[in-house]
Amino acid sequence: MRTDRLETFADGVLAIAATLLILNVDTQVGEHVADLGDRLLEIWPSYAAYAVSFITIGIIWVNHHTIMEQVERADRIFLFLNVGFLLVVAFIPFPTRLVAEHIQHEGATAAALTYGITLTATAAMFNAVWFYASVGGRLLRPDHDPAAVKGISRSYLPAPWIYLAMTLTALVDPTASVILYGAFALFWVIESSVFGRARKQA
Amino acid sequence: MRTDRLETFADGVLAIAATLLILNVDTQVGEHVADLGDRLLEIWPSYAAYAVSFITIGIIWVNHHTIMEQVERADRIFLFLNVGFLLVVAFIPFPTRLVAEHIQHEGATAAALTYGITLTATAAMFNAVWFYASVGGRLLRPDHDPAAVKGISRSYLPAPWIYLAMTLTALVDPTASVILYGAFALFWVIESSVFGRARKQA
Amino acid sequence: MRTDRLETFADGVLAIAATLLILNVDTQVGEHVADLGDRLLEIWPSYAAYAVSFITIGIIWVNHHTIMEQVERADRIFLFLNVGFLLVVAFIPFPTRLVAEHIQHEGATAAALTYGITLTATAAMFNAVWFYASVGGRLLRPDHDPAAVKGISRSYLPAPWIYLAMTLTALVDPTASVILYGAFALFWVIESSVFGRARKQA
Amino acid sequence: MRTDRLETFADGVLAIAATLLILNVDTQVGEHVADLGDRLLEIWPSYAAYAVSFITIGIIWVNHHTIMEQVERADRIFLFLNVGFLLVVAFIPFPTRLVAEHIQHEGATAAALTYGITLTATAAMFNAVWFYASVGGRLLRPDHDPAAVKGISRSYLPAPWIYLAMTLTALVDPTASVILYGAFALFWVIESSVFGRARKQA
């Protein structure tokens, strides 16, 4: 099977999951708010959570883009691994709202744990998708770039463990873990784009 | 007419229906929850229902993918059969929430029945789409694989009856029927991917 | 400009508008319902409204598909006419809910009028899109089928007037107008597919 | 990297953001409204806000379409700039609801400011996307049209400053700023389509 409908479906789920995040911000402001200006400043964690989750889904999209460039065919197992991967990605809006609402109040640990578990599962499923396709070159294009394949494997393999470590941080200090989630997203964006370009030019 | 816009539209509806499922989980946790951790454990049926429905929609997507590989053209009747098919698929998020909320409480039978009727209708409409296209090779590619066509027909034909049987189980024991819906989805994933590959290699 | 991104965007809006319709059904069943079975039977107008609007959006999608087969290029005016057309289509879920909730109660006239005005505006915008592209062959493919172009013009031109007549019926009898909306959708599906095929074969 | 998946993802986010706008209108009418007809007239600012934001997102889509016609390749920085751009576009439904609900009541300034800041950020991110791709012809097609590239640069550069000025107007008169947002959208549609054609023909 060709991979084009897989990409359409994946892009659809990723685009919708990202765009639904705004509903989390929207519910923070009721219809009859006494002082709208104050309320809009008060809910800043919702904006931060929106931005971190949107960028995280953006990173997932860019990375899915990257691996699909090396993949030529899809078999049933590969399609269902992708469904499982999208299942956890589409879950992200829910813990995003939990973190935004609870990080400054009771329930911060439970919220930060749920967020972290979701992202750990996303990273693990992403690896399952990639290694199923790439081990032994199973589904790769005949003209795939072996250096790129190795580079992808090396850069994605630690991600679930890093997310697991950040998730466990939530047991000690939920605020710290949430800051780490955001910092890791920013780091990935900068590392893979700015430094990635510098490396390529070197 | 070519089938590419049909695939875009179908993938769109399927992706959105799957991604909207998270709203069902989201509504289970109000804004002011006394103990967030407890609440997040309590609503486990919502996670299970989310996973079963997401995977079911994933299976539907993979199967639509499979039949469209054999189909070359679309006429008006085929397009409207697809609209009817998508109409019932897009209905799935609603009974999913009903099952998640009611399976442990009053209303379990009504919820499990509604879920089962929706999936039975989905399977029936899927067969209508497929047999309209394939009987007499009406819309199939001139170079379609007759063995694949026969295999598709044989594997999809019993699905509405299986779902009907599971639906009727809800009248006696709604919990049993819900377990069957989930088990059937898992069975299909494993059978069509792992065993499917084994068969092909044999 | 080519028309492929226009088709992707239009298919996206149409798919989302259709899939969002299920949220209207969903809100009819609160979290704590005394008798779920009774409630699920009581809200049958929501299912009917869901089906009629889903099929109507499906018809719009099929028709947009039909006209885009004759169109080769898009200019700015054509793109913005399409945006205006999608603006009214994306409005459909709102009056759908109004009709479902009010047709058996107070407010039936206002609900049926709002639904009818929305569909009249949709049909009018659809004609604006089509006649802008087709008059003088402005944006049509050089090898467009003149008979098909004439047929499209003839079959779409009366639609806004038919919808206007049905809308005005709501002032006298809202139930009658709602039955007409549904009957017209069914008529179009059957006329354009079954009879359309018969005509072509003749 | 090719740009086709970027266009699919961007079209998905833009289509969803536009289609979600109807939820803002929908929430203005509760389930048990005393006089539906009156209520539907009362909420006219919601219709106006829906139309202005839908058309604004339509303009953004047309403009993204325009620049992607000159762009051939995408690197990581370009992809992440697009993610950042889509992040602010997907935010638009939230301030749209704020403006619709508050423009005639308390909180009008805060609502109009939030709307204006979002559109200013959108225009700024759009420029970042465009100038990253076009400066020195970095990602442009080898056969790009230099006159078109210059024209795009000239027409998009002032947009953030115009939106900033309209945003600051909200501090003095929020109603005036909201009228300006709508007028600017209409102006852009007419200027770029009708007059754009006239210019080309001259």
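Structure notes:
When the chains are written out, they are named A, B, C and D in that same order, and each has its own residue count from 1.
Heads up, the rule we're going with is that a contact is a pair of C-beta atoms (placed from the backbone, for glycine too) under 8 Å apart; a residue touches a chain by one contact, two chains touch by 3 or more.
Computed from a predicted model, the values in this text were never measured in an experiment.
Under half of the residue numbers found at the chain A and chain B interface occur in both copies, marking it as a different-residue contact. Its C-alpha atoms fitted onto chain D, chain A is found rotated by 90°, rounded in steps of 5.
Distance between chain centres (mean CA atoms), chain B to chain C: 26 Å. In chain C, the residues that touch at least two other chains are 8, 12, 16, 20, 23. Of all the residues in chain C, the ones that touch chain D in their complex are 1, 5, 8-9, 12-13, 16-17, 20, 23, 27, 75-77, 79-80, 83-84, 86-87, 90-91, 93-94, 97-98, 101-102, 106-107, 109-111, 114.
Residues 7-8, 11-12, 14-16, 18-23, 25-26, 29, 31, 33, 35-37, 40, 50-51, 54-55, 58-59, 61-62, 65, 68-69, 189, 192-194, 196-197 of chain D touch chain C in their complex.
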